[in-house]
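The structures considered in this document are given below.
There are two complexes below, and they share chain A, which is joined by chain B in the first and by chain C in the second.
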Partner chain A sequence: MSKFEFPPSIKSRPIYGTLEPRKGPAHLLIADAVGAEAIIEVATPEMMRTAHIIYIPKGTEFSEKLRALNPAQYYEGASYAASVSRIHKVLGDAKMGLQVYLAGTEGMMGQAQLEATNAGIPHSAIQLEHRGSVARRMQCVHCKGITEDVEVDPFVCSHCGLNLFVRDHYSRRIAAYQGVCIDAEDLGNVPPSKGIYE
Partner chain B sequence: MSGAQKIAVTVTEIVPLNELVTRFKFEPTDGSLLPTFSGGAHTVVEMKDGAITRLNPYSLMSDPMDQTAYTISVRRDDVGRGGSLFMHKRVKVGDQMTISYPVNLFSLDLRAKKHLFLAGGIGITPFMAQIKQLERTNGRWELHYATRSVALGSYVDELTTKHPNETHIYYDDQEQRIDLKNLLDGQPLGTHVYVCGPKGMIDWVRKTATDEGWPREAIHYEEFLAPKSGKPFEVKLAISNKVIQVGEDESLLEAMEREGVDAPYLCRGGACGQCETDVIDYSGTFIHRDHWLEDADHKSGKKIMPCVSRFEGKTLVLDR
Partner chain C sequence: MTIQFNDETFRDDYSFHNSAWAIKRFPFPFHEDSYMYSVNMEQHRGGPAGSIYEKRFDVDEHYLSEMRDRAMVLADDPLRCQSLPHMTLAGWDLLELIMVSKSEDYPELFELHRDGNTWRWVNKPMGIDDTFTFLDEATLPYGPLEYITRQAQGDWCVLDQRDDNLWMDAGMVTTQADWSLDFDIGMNFFEWHAPVPLAHEKGIFVRALKFLLNIQQGSPARRLNWTMTVTPLLDTSPENYHKWGIQKTTLTPENIGQKQHLRVELQTFFRLPRSNALVFPIRAYLCSFQDLMTMPKWGRRLHRVIRDLPEELATYKGFIANRPMMLDYLSKFDDGLPTSDGIWPEFESEPPLKPSADS
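Moving on, here comes the complex of A and B:
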């Protein structure tokens, strides 16, 4: 499952589009896992002449295809955490006109978007295309701890152990959805977990 | 009452800067303090010109934190509708006037890492206040100011003396031009560009920046349109139940105000959207001049911005 139709929700919930080539002196493309497919689709020879691709494979086999696009620079990171210093450096050196393309999971795109907005790009000028896992990066609103790759609702906070309800309420500043204690008033009354979109 | 809240002021200083531009200083008549504002804000000045009341917007150019006085600079337009001529010829020190609370349609985006200002002629005025604002907060800015000649270069001396490293002046009569493409190329990520000047300059900057891949959120512009004269026309106002005549030298908004209709407005220059009015019926042609409505709205025949747009034809019925 590479593409997923997210159900309509509240305004806070990010909406993803389809990457399109834009004019600019330089292009930064960041993808994880099957997000590579979106990069392959948007790439043009002209764009690749000034493109920097940062890719986090997560066990997928797109490296050869991405290298074959012949970007000016190509970097592969073992994880987002391993890649973030690279992303930070690229954005720090970048000039106006840089086009940013993000493709893959919500957690990766949210965090990379935060780096880009901190570097001065308006959030609405960054292109995002969701591909692959629909797992979410969640913040516990109680202990503020982040739990990555949450697929079920409710889930247990990996920091404080509270049972958390998965909300669509999203924070661009934290790059995470909000998780709220589901059994605060009736301790232990926790509905069985199911997939977030089931 | 439409528009922003009003302030009664006294004209305390009039300084001719050059052949075309004169600076006016307003202080509150009752001795109170004025509201602070943000750089880029304008005030709407009421001018009682015989039977006509003109309401013209002018950018505030004083220090936004100075609550004792506001200053504006007015460029004389000999072929305009008369507002600037009124300011230049009729207003005297000691006169009592009414101005509006500041309204800002051209504010700084304070998320910007750097502010790149491009001014043409009298378009320098909003930047005078924005520069003062940024100087207080250690903001990073750069000004490129094109003016016709040394003689007409309002505030060039002040800017080049106070900010020699940030200010770049271009004199048209010396064939000096802003090398825009080169200037935009290589600006650090997070730079926002602001342009205020003639329409041609604004279009040029917006297009060049867009072509260089600048996001539209980082391109800011302000162009006040003065309402243009045109053929007189008749309008039926459905809610007010009035039929009014719009004269050759007045705008539709001014005609409504003359007839005592309380029509909403803020900028009076086709930019803010406050005066947007629904059209109930028409037979004729709209002359749309605003920057607010989308092209589709202009073509639909369902909306008009009475501050700058006109109409030619037999019938026009508005929902006002």
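Moving on, here comes the complex of A and C:
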């Protein structure tokens, strides 16, 4: 599947690369949806001997292919929220040198990256590769509520109901982009929503 | 001089006002008839007597009312003051810097008595007389950063310095020009400046950061920044933008002189001793257009600056829609005469406005 080329943006916006196999005593690979393909591409038999794969299918069917890689540990989560306590535990137990590979949507990668850095994993040991949906995880700057998987701009905050436009300003600590009221200066004048990159 | 503190509001009925003294010392930010971003930094080593540059942390007639407004903002939204766990020592550093500076610079208003780690702090205008143990959080009603910045005008960012960068890891931000501490906390210098147009491309932030990383204890620096605000609202936060944004549409040719305010930030930079953090106070001064126009030089110059400001800046600063109305108003105060260099009003030497033919 071809990768989406994100247009150039401001300096707080994350940029993503391509996963590469790295040497390390242990490997944690986390993917959602078609992010599984990036894991399949980066996996080597040697890596898999000490690998833990955490996969959130979101309706895709890569389970069998991932299992066939023969990782030391394999787990499938029903959602990111359902998987996060496990991710937290694995990162907390990690020994020096753990290599972290994240692949899939920005929302999943941002949150997992935050778990990893909070656990003390150095940035240099974390790789990210974007695959699949270009939806964003958005924080409403007004009510602070997070709306997951936002595909259009503007969108309605799932918590307070304001009409928000999608900024490129990104907080790694919140693992979200910022949403700001679009009709504050002209109540009710909300342009029709379109895809974020349209 | 003794300061007469105003009893005024920055919300609802907006009774905020500047005395003649405050207008005269207002930090008009344009030293020439045009404006573009630059690395406009200089040493912060005092300034002319009575000017806003004279003291390390200026206290003026708005002090008590600004502190009341801050308390209201914090009651509504405690996330305006945050400190990441490793920043507590920097908070104590800041508390010390402010207490020492204020008590030395304004002995008639503030007193600090130190006996080992037992400190007594007296803030006469606010009626505070507290004794606490330095470096012991349990002896203060708030953390050290929040305690002292509830008593000091302006916003405060406390930056941790590591990996050749600055990190916004603590702050008290209730009077900001539309940016969110809660969102930006934990970001580095380039990340929190990401939304600013043109300046990255001009290399301004790379050079500015280099300068800041080298600031030494005892050698603070300063710069001015500015924006526009309709009504003297201090809390122009993104958090509340859905409430205040509509005010921008209430300007009319009749009320613009009184309603439209130039908002100038005196930004200073101090190195802190124990934590090696950098503190960045952002002190905002507001002045209505009609008060600014009492200085002929400022009237002439503001018109030219606003007229020629690049569209990107007028958009970023949030007044692109109101610029035509501003220019209609300001042009009446520009008779085309030359202006002198520098920011000072020079009301003695600058010629009075020549009445235009139609007035």
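Criterion: the second predicted complex is superposed on the first by the 193 of 198 C-alpha atoms of A that agree within 3 Å, B and C clash if a C-alpha of one lies under 4 Å from a C-alpha of the other, contacts with A are read in each partner's own complex, and residues count from 1 in each chain.
As a working rule, a contact is a pair of C-beta atoms (placed from the backbone, for glycine too) under 8 Å apart; a residue touches a chain by one contact, two chains touch by 3 or more.
Keep in mind it's a predicted model, so treat the numbers as computed, not measured.
Trainee: Spot which of chain B and chain C makes contact with more residues of chain A, would you?
Mentor: More residues of chain A are touched by C.
Trainee: Between chain B (first) and chain C (second), which, if any, makes contact with A:174: first, second, both or neither?
Mentor: Only chain C; A:174 stays clear of chain B.
Trainee: Quick one: classify A:184 as touching chain B (first), chain C (second), both or neither.
Mentor: second
Trainee: A:159 contacts which: chain B (first), chain C (second), both, neither?
Mentor: neither
Trainee: Once chain A of both complexes is superposed, is A:86 in touch with chain B (first), chain C (second), both, or neither?
Mentor: neither
Trainee: With the two complexes superposed on chain A, say which partner A:96 touches: chain B (first), chain C (second), both, or neither.
Mentor: In the superposition, A:96 touches chain B alone.
Trainee: Figure out whether A:120 sits in contact with chain B (first) or chain C (second), or with both, or with neither.
Mentor: first
Trainee: Would you sort A:139 into first (chain B), second (chain C), both or neither based on which partner it touches?
Mentor: A:139: touches chain C, not chain B.
Trainee: Which stretch or stretches of chain B touch chain A in the complex?
Mentor: So the residues of chain B in touch with chain A come to 111-113, 184-191, 211-218.
Trainee: Would you tell me which residues of chain A are touching chain C in their complex?
Mentor: The touching residues are 10-13, 139, 141-142, 144, 162, 167-169, 171-174, 178, 180-181, 184-187.
Trainee: Residues of chain A touching chain B in their complex?
Mentor: 22-25, 91-92, 94-99, 119-122, 124-125
Trainee: In their complex, what parts of chain C are in touch with chain A?
Mentor: Those in contact with chain A are residues 79, 180, 182-187, 190-195, 200, 238-246, 248-249, 321.
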